[in-house]
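This is the structure I have questions about; it appears just below.
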Amino acid sequence: MSVSLLVVQILNGLQLGVLLFLIAAGLTLVFGVMDFINLAHGVQYMVGAYLAAMFVTWTGSYWLGLTLTLPVALAFGLLLEVLIFRRLYGRDHLDQMLATFGLILFLNQAVRFLWGSEPLGVAMPDILSGSIQVMDGLRYPVYRLALIVAGLVIALGLHLAINHTRIGMLIRAGSTHSDMVAALGVNIRRLFMVVFGFGAMLAGLAGALVAPILSVEPGMGDNLLILTFVVIVIGGIGSIRGAFIAALMVGLLDTLGRAFGPQLLRLAMSAAAANQTGRSLAPMLIYILMAVVLFVRPTGLFPVKK
Amino acid sequence: MTGGTAAAANSSRAWRHPAVWLFAAFLALPIPAHFGANAYILSFATHAVALGLAALSLDLMLGIGALASFGHAAYLGIGAYSVAILSDMGHDDLLVQIPVAIAVASVFAGITGFVSLRASGVYYIMSTLAFGQMLYFLAQSLSAYGGDDGVTLAARSRLAGSHLLASDLGLYYVTLAALIAAYVLLDRIVGSRFGRVLGAVRQNPMRVRAVGLDPFRYRLLASILAGSLCAVAGVLLANQSEFVSPAFMTWQRSGELLVMVVLGGMGRLWGAVLGAICFLTLEEVLPGLTDNWKMVLGALLILAALGRGSRLSQLFKGVGR
Amino acid sequence: MIAPLLSVEGLTKRFGALLVSDSVTFAVEERELHALIGPNGAGKTTLINQLSGTLPSDAGRILFADEDISHLPLEARVRRGLARSFQITSILPDYTVLENVALAIQARSGSSFRFFGRVGQERALNDEATAVLTRVGLVGRSTARAGTLSHGEKRLLELAIALACRPRLLLLDEPFAGLGQEESQASIALLKELKSDVAIVLVEHDMDAVFSLADRVSVLVNGRIIASGTPDTIRVDPLVRNAYLGDEELA
């Protein structure tokens, strides 16, 4: 295993981690502040990707498309909040699961209806296309690097917003003692709307950011949703910091495990056996990590609730 | 719920019990199917009965024990892959396949339950979902069994050496027998000491602790029982479709199982079976009406969830208790 | 002198910066009715939660029947004979009154891992549950769903469930709260009767009840026991008068 291959895989892992963080950040707050099971967060990521595909094609510019996507993804999230989610706050988790499960079915088919089943592509902005020399004998696509950087910048921004603004303070308080916040006379409905809309926008942004490198297709958010859950469980519900660290852990472990698992096992067993075992084991690694974390700390690495 | 959903508790009233009607209808179903010579109905019914068994097992967790497991389809997968793998190894008898499926399911339910039941609420739901997905990826990596594409079974399983399952009618009745046996078993369990504790844990875990019982053990055992029964459903489902793939155990399938239980009314066992039939029928009928039937189905689910706890659903809640 | 049934040393609990139990030390003898009084928010419920194992303590030791139970969970303490009632009624609303009580009896008589026998037809459980319900005067409501009971009846059921655990020490958190005149008179009479065979820690705001029932009274203020003694000494204790009772109430 050469060093450059390792670096490539680490970058790939970071990229997945950053993506997971963008989706998980909003969702962990929705769970934490509202105690709301939202299965439909993955389709909001998908909707973001579709919006980006549509707007980029319309305007012919990636940047314009991205700029249009954000407010529309936000508006879409708020629309869902008003139409569906707000009627389910404080209800049984089962009702929330059913409704948001229904929403997944609905939206996955709706995008198929509107845009067809064929995967859509999104053109990359010119200045970010191509690749650059990262180290000797290793070129890496600029866009993917930019994605990592953008994710890290957004994470930093979120960190500042959560810890140093009034709304961030309310959100933090909401995750720890939601009843207390309500008792203090804060408009809890508005806080919920903000958290929700914001989470939807971040998920949509994640979708828009990956649109140029992944195919935009119905159901693209379904499996990512589960990865997001793993991230949230590991990080601790309601914790942005936990989501960030867990997202990077999951992204790196999953990518490196798949890339190098079979090779590592080959040190201990025959090539054929190592190949099958490695390929079976690699996708399970993050779930095993989750099980271990849950076992040791049933409320995640950075529990927020008291 | 006094002492279970007892069909047999009061034999003079037994005929009025919905479960009796439901199973009688199932028993008689092949008759019109026979005269109508529509083989498809029988295959659909077998499918529905097998998934009815899966939903029934989930009702033990969800309806009786308030455990909203979002990974139940994993056990369908365990059952189905037991058939594929054991048949491949030359063990094609249900008398081998079912015990193995149950053993594997128990171990998986025991280990994952041990971890996720310690966590509560949202953590429980998310971790069951994730563990289910873990098994899905494991199945996907089994290249000897077709990986993502799955594998077609060479033949249906045998039953105690006989080829009873080779005929569609034989398979149907064997599947139905499994469902009825499971129903009777669970009905007994719900009415037993164990069932009473499990029902109490649903209503108020703190109260259960305060009389000296540890809710965890009862939840864990309920998970193992439910997983085992669902694995049996998976064995039968594989025989019905004569094909096994990771698609048996997607998390969407787990979601559908939850929908079936809720649709039929939680906690009364036969309701889960009825819910399975209603859901599968809907899935069968809607595509004939519109290409975008999944939008209709999704919208129906949203409305059902929003409307739960409404007057209408309270009305149905009383039936058959 | 024999060791007390329950002895508590230095029990402490913090919620964040708030010190709710401040190194509480006291003891309860066999068959003693020990009343715990104090103003709202004094930490009485928290102390009951710590004693029963509902909440973990930050420091201190609890000895019950010569055994250190400080680190046992609630359910293990109940099995050793330390039962509690809840200030906020905690029952099984979907079960009948009889089933609520029978569960507590089942929990201490034989295994609950029995899967086939119909528990509803177990004579021994039902008979004993009926006897407990007769004792608290709720037997007429045996077949009612517990969720449909009136508030007063629910309080009685709460008490019946605790009794059905057949404890050696009963922790009662405001069992009379919200009861009508008649109901609370009946409950007080019942506790008087119970006193002869079970030790009781009684948290109560109703001073008439406390002073007529208690063998000893401890006064909790801001998480500290500021006085402990017979009802007569507590009645005249100037510290207590100042800090809590208010002179006119005792005049």
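A, B and C are the chain letters, set down in written order, and residue numbers restart from 1 in every chain.
The criterion applied here is as follows: a residue touches a chain if its C-beta (ideal position, glycine included) is under 8 Å from a C-beta of that chain, and two chains touch if they have at least 3 such contacts.
Here the structure is a predicted model, which is why all the values come from computation and not from measurement.
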Inset, instruction - Take each protein chain as a node, join two nodes whenever their chains touch, and name the resulting shape: line, ring, star, complete or other. - result: line
Legend entry - Chain nearest the global centroid, as defined over all protein CA atoms shown: B
Legend entry - Centroid-based (C-alpha) most distant chain relative to chain A: C
Inset, instruction - Could you put a whole-Å number on the gap between the CA centroids of chain A and chain B? - result: 31
Inset, instruction - Please work out the Cα centroid separation of chain A and chain C, and write it as a whole number of Å. - result: 49
Inset, instruction - Go ahead and note the Å separation of the Cα centroids belonging to chain B and chain C. - result: 43
Inset, instruction - Please set out, as single numbers or ranges, the residues of chain C touching at least two other chains. - result: none
Inset, instruction - Show which residues of chain A lie in contact with chain B when the two form their complex. - result: 31, 35, 37, 39, 84, 87-88, 91-99, 101-110, 112-113, 222-223, 226, 229-230, 232-233, 237, 276, 279-280, 282-284, 287-288, 290-291, 294-295, 298-300
Inset, instruction - Can you check the complex and tell me which residues of chain C touch chain B? - result: 52, 54, 73-76, 78-79, 83-84, 86, 90-96, 99, 102-104, 106-108, 110-122, 161-162, 164-165
Legend entry - chain B residues touching chain A - in the complex, by the definition given at the top: 62, 68, 70, 112, 114-116, 118-123, 125-127, 129-131, 133-134, 137-138, 140-144, 251-252, 255, 258-259, 262, 291-295, 297-302, 304-306, 308-309
Inset, instruction - Give every residue of chain B touching chain C within the complex, in rising order. - result: 1-4, 6, 9, 188-189, 191-197, 199-200, 203-204, 206-214, 218, 221
